[in-house]
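Each of the next two complexes has chain A plus one more chain, namely chain B in the first and chain C in the second.
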Partner chain A sequence: MTRNTDTGDDSGDAVTDGGVTEDPSGSGFSPIAALNDRFGSDFVESSQFWLPPFLLVGLFVYGAIIWNFLISLTDFSGFGNPNYGDLDLEMYTRALAESGFVDAAVNTFILLVGFTLVTLGLGLGLAILVDRNIRFENTFRTIYLLPMSLSFVVTAQFWAWMFNFNNGVINIVTSSLGLGRVDWLGNPDIVLWAVMFALMWQFAGYAMVVYLAGLRAIPNEHYEAAKVDGASTVRMYWRVIIPQLKGSTISASVVLMVFALKAFDFLYSLVGGYRPPNGADILATKMVREAYANLNWAYASAIAIALFLMTLGIVGPYLYYQYNRGNL
Partner chain B sequence: MTDQDKRLSRRHFVGATGAATLAGLAGCSGGGDGGDGGDGGDGGSGGTLEVLHAWTGGDGATAAEALVEAFEEEYPDIEHEFNPIGGGGNQNLDAVVANRLQNNEPPSAFAGWPGPNLQRYDGVLGDVGSVWEEEGFEDVMVQEAVDLHQQNGAYRAVPLGSHRLNCLFYNTSVVEEAGVDPDSLTSVSAFIDALETVQSETDAIPMTHGASGTWTTTQLFSSTMLGQEGYEAYMDFLDGSPDEEAVRATFESLAEILGNYINDDASSIGLTESNQNIIEGNAAFIHQGNWAAGAYRNAEDFNYDEDWGFKTYPGSEGMYMLHFDSFLYPSDNPSPGVTDQFMAFVGSEAAQVAFNQYKGSIPTRTDVDMSEFGPYLQETQEDFANAEERPPNLQHGLGVTSETMTALNDVISSEFSGPYNVDAATQGFVDAVSN
Partner chain C sequence: MSDDARTDGGTVSETSAGASDGALSGVDGYRVLLYLGLLGMLAFFLIPIESGLVTSFKTSSGVTGSLPFAPPTGATFTLGKWQAAFDALGRGLVNSALYAIPATVISALLGSFAAYGITQSDWKPKYKAPILALFVAGIFIPYQAVLVPLSQFWSMVPLEESLGFLWSLGINDDYVGIVELIVTHVAYGLPICTVLFRSYYKNMSEEMIEAARLDGASIRRIYRRIVLPLSGPMFAVVLIYQFTQIWNDLLFTLVLVQTESSAAAPIVLILAGLGTSLEGQDFALRMAGAFIAALPTLAVYIAFGEEFAEGVAT
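Showing the complex of A and B:
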């Protein structure tokens, strides 16, 4: 027995050893198999499809962000090469101490939140109206969506004319209503809201389409059940329908917020330069001014990182939400 | 079978897409290389001349075309590429130039301002001293041009033309209706009185101002300071030792002008629309560089001395506030031989006449036959040649570095674009220029 066991053990060892020495020549234990075991059965085989884009995106997006962050730690300005030997957070402390940066950051934030909320609200209202089986539904939908298809360059010029103090259509309306004329672009307390209004006009149609798709996905039974239970129309939407539009709200708001961060194009076209009207400076315009008017590359990079963190603050929770729902 | 077929086809599809993507990327980078690789003939006499400038519309575009035509006539064998990059004044051009210099792909030459503006290109500009010497530019250009085109003891650029900054243009019929004689306005206070007269006697805007960008106001500051506080005070300001009282007094006058006598829609219009107010007789005066006169020449039935007039900005009589349109010469030049020839051409009479008569500016050479130019530019040329002083401008590169200029415009934007805060603006300007 013991002998047997011993031999068994011995032979077992021998087999194991032999197995180990034999295996590399065979195919039982290999890096490929290990990777497949760890990441899924097709990991290596499928890599030819996802690996090239993965590397390209990694290099050109994430690599660039990291590089940008590194530059923001240097004192790089003018022409030449950045000195990576001397890294510190000087550019960030300088930014926080500069009133221009703080104003731009606050404006960016106000634009982000205000524009997104108002546009979502307006889009939802339009979607509900269009969804009520009105006549010419398609026509209305097209009309509301049309501004979205126009470029910022075009809409900014429209609004520059419409906001004109003397002969802009908005002041003609307000003065005929007895409200007097308003210096929409010249008054630093108003200009940001004027810009927000113009952007809202452009993107409300987009929010409408997203909500409309959400509404169409809700089965008719829900409307009918609410009616049978005696809910009024307002109550029906408030209690039954709108809560089901959470997904639409989240995806629309992420897109809208990203558009708000990109309002650079609009402001650039509005004034034909890198400096928006006083009171409407945002981080994106300030970044471009620092980079190209002053050649302060490091400082502009620091502003870019601040902008990036803001974006991450928006997209991060969204990704987490999607991850929790199992969509990622 | 069908299942396998499907899978196969999908695989093929994905593979094909991947290949196409890679090919596309390769194509892009190849194209990019091709773009700057055109300068393959480094050294030697070959190489394509690549010139970047920002004259994309109106007078500028016509003038640039005339320049290219004259160049082809003079140097028919040189391969060339003149690339206009418009938008935002010079901002987009500056951004493109900054990127290309940063990436070590300089063009042969690019349009820009000399003077302290050269400091932003510190270390990336070459020496065109040999061209200045061979062509004898030092003898035919005014001394200010000679001085302002040097940096660190070497010539970095060649001037093509000059605009005048301290200009006041007016609509003749509006000032006549108001009973104002522009020639009698020899001080800023007399000018403000005249604005008051226009306001009370006519329905026209006394002074039209396009302030959608801040540069027009910064520019107005410089002329007002020159006219009211004099040459010395203005030069001290540029040199970094400003007299705070002089700056404050200037801003007080500006606040009076901008607060009372300009168009209500100033903040929503730019130079073009503002200038239109003069052409249409809606406004009496405008302060601008004399590029504004180009629009008058192109307007129908709008003639010098009959319909519009020119007055040196009040108080700055006998002075010519300088502006230069120049070509800057990058070091590490892709086509040094032909670039030298181009630079020599830029400073020549042929180029300066061809370009400036359309641009509405004047040659920087003082030995040029002005017969091709209109009466207004002929007078400007005389003023230029005979000026007692030729102070550099503030807003167009000759007076301060680009970084200081940005800081000044930040101050105008936050403190002086209505409401007009004289104290804060004074403090901001003094801080921005002080050494």
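Showing the complex of A and C:
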């Protein structure tokens, strides 16, 4: 942050001069000069670059969220238009009283925490394996990351087949181990964990890439110092290396949690419809179902606000953390 | 250097076992275990894909009658499912490309503009920070939080009427959904594009730009002459990442195009309902369809794996 401010001020002086000599029209036009005075010498001239994208994002992202909140206060459902004259919190009280909403919120939370933890764990393991000076490193890395390039719609097809009761790979393995067949997607107590497993398969490569970058940023002296101390490999990682991966862990968890909140595409494609398997309903699927299958627009908007607040609870502290470290 | 340190680290545990000399340890127990672990994980990541691939070549009796990971034999081998999947998905392939490619290019360009305007020009950091924070936070917004307004917005905008000249050319007016998808994906893809470009521009050499500014070059000219030509590597990263994201996304297609019977239905929308009917599920067809839908992103990934990894890691 300090570095940034310094360079900003330095070049700022240089350019103020350049700007004045170059731009004769600027002297006559006082509003622009006033804006530049207030915000910095290039504010107006640079706005042709950042302002249009910023307005687009402002309208579609932040404008839409505010609009969504307004709709959630109405009683809008079915066809027609929302009536903005009659605003209340009815949809929120209705949500809290509905067991379907509470179940979906609990499932969302379980998926969020469980998926993030197992994916980080597997990703860290993969990163350490790949970082051990192996041959064909690129090939291993490429294949581990490959599922990440696939669509949720595609991986859902694969996993619907993997979890198939009669012919799926998973049940072939469990029954050959003498554990018998399990109805992975049909049993409401299990299905969420099966989904978590499939999502872990898809995103472990991502966690690996983030951790690998973190591992490579650790100076060699730390490895050597641990070696001189006579620490075993396991002990070296546990005591010396992993504590230094805090930054990687934080940024990877934020991204993974947000992915878990968005797992709608996967669950929709798994069954080819708005109703996910019993026991795997999360807020993301419930919101879309209420809106586009049941036409309960206002209620869906209220669920969306709940989802948004969950995201904010994760991303807000993260942004603050990044801001304090000068990364913003 | 780092390699040395780590190889040695591995050998330490080995010497404690007693036998081998670090220099000679081509094959030692530790390395064998390491590679076994690596290969085991390789199998873990490839089995769902392998099982899908062999299944897509099987007849219906082959699907139920053989192990899911065993290749089809003579009598159970068929290309019919691929043919059927291609017949169902072919138009979706074209439709997806129609919005994925323009949306990718436009969002990358606008993201580069925004990042340049914020990063390489001089105005006060305390005013830049909130604007940047809004871009960064925009990456993480769950799309559900904007869906209902988005539907409302597109139903209020008279896009279909204003594009009348297209429909008079004989283009099916379902394709208004493609235009909506382009604008929507650009708007929601912009935050990540901006942040990716920003991290690149922040580390760009400042001497050249400052020299150009002292010569009186305008901000627009500096972008065209210096920054844009130097942005090539980052454009590769952003274009690949964005293309994959947009091609793979289902939610917006579901909301904006709605039905797979629409003439403008993207491939993911058709695939999501493929092979599922009242009589049961045709898994061979679903697998073949999955591969056809994944082909463009797989090709991009295999050709540009490094850039993709860089995109996701940032």
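We adopt the following convention: the second predicted complex is superposed on the first by the 283 of 328 C-alpha atoms of A that agree within 3 Å, B and C clash if a C-alpha of one lies under 4 Å from a C-alpha of the other, contacts with A are read in each partner's own complex, and residues count from 1 in each chain.
Methods note: a residue touches a chain if its C-beta (ideal position, glycine included) is under 8 Å from a C-beta of that chain, and two chains touch if they have at least 3 such contacts.
For clarity, every value in this text was computed on a predicted model and none was experimentally measured.
Partners chain B and chain C, brought together by superposition on chain A, clash. When the two structures are aligned on the shared chain, A:P277 is found in touch with chain B, with no touch to chain C. By the document's definition of touching, neither partner reaches A:G178: not chain B, not chain C. Judged by the number of chain A residues each one touches, C leads among chain B and chain C. In the superposition on chain A, contact is made by A:G186 with chain B only, not with chain C.
Judged by the touch definition given at the top, the superposed model places A:Y292 against both chain B and chain C.
In the superposition on chain A, A:Y268 contacts both chain B and chain C.
After overlaying the two complexes on the shared chain, residue contacts for A:G80 are found with chain B alone; chain C is out of touch.
Once chain A of one complex is fitted onto chain A of the other, the partner contacts of A:F165 are limited to chain B, with no touch recorded for chain C. Residue contacts after overlaying the shared chain place A:L56 against chain B and chain C alike. With both structures placed on the common chain, the touch criterion links A:N68 to chain C but leaves chain B unconnected. Judged by the document's definition of touching, chain A residues 48-49, 52-53, 56, 160, 164, 166-168, 268, 271-273, 288, 291-292 lie at the interface with chain B and also at the interface with chain C.
Chain C makes touch with chain A in their complex at residues 1-3, 5-10, 12-13, 16, 34-35, 37-38, 41-42, 44-49, 51-52, 55, 63-64, 67-69, 110-111, 113-114, 116-118, 121-125, 127, 129, 131-138, 140-153, 184, 186-188, 190-191, 194, 206, 210, 213-214, 216, 218-220, 223, 244, 247-251, 254-255, 258, 268, 271-274, 276, 281, 283, 286-287, 289-291, 293-294, 297-298, 300-302, 305, 308-309, 312-313. Contact residues on chain A toward chain B in their complex (touch as defined above): 48-49, 52-53, 56, 78-80, 100, 160, 163-168, 181, 183-188, 268, 270-275, 277-278, 281, 288-289, 291-296. Interface residues of chain B, counted against chain A in their complex, comprise 14-15, 18, 21-22, 25, 87-89, 91, 94-95, 98, 101-102, 120-124, 211-214, 263-270, 402-403, 406, 409-410, 413-414, 417-418. Those residues of chain A that touch chain C in the complex are listed here as 1, 4-5, 7-8, 11-12, 14-15, 18, 21-22, 36, 39-43, 45-54, 56-65, 67-68, 71, 82, 126, 129-134, 138, 140-162, 164, 166-169, 172, 201, 205-206, 209-210, 213, 216, 220, 223-224, 226-227, 230, 232-233, 236, 254, 258, 261-262, 264-265, 268-269, 271-273, 283-284, 287-288, 291-292, 297, 300-301, 303-305, 307-308, 311, 314-315, 319, 322-323, 328.
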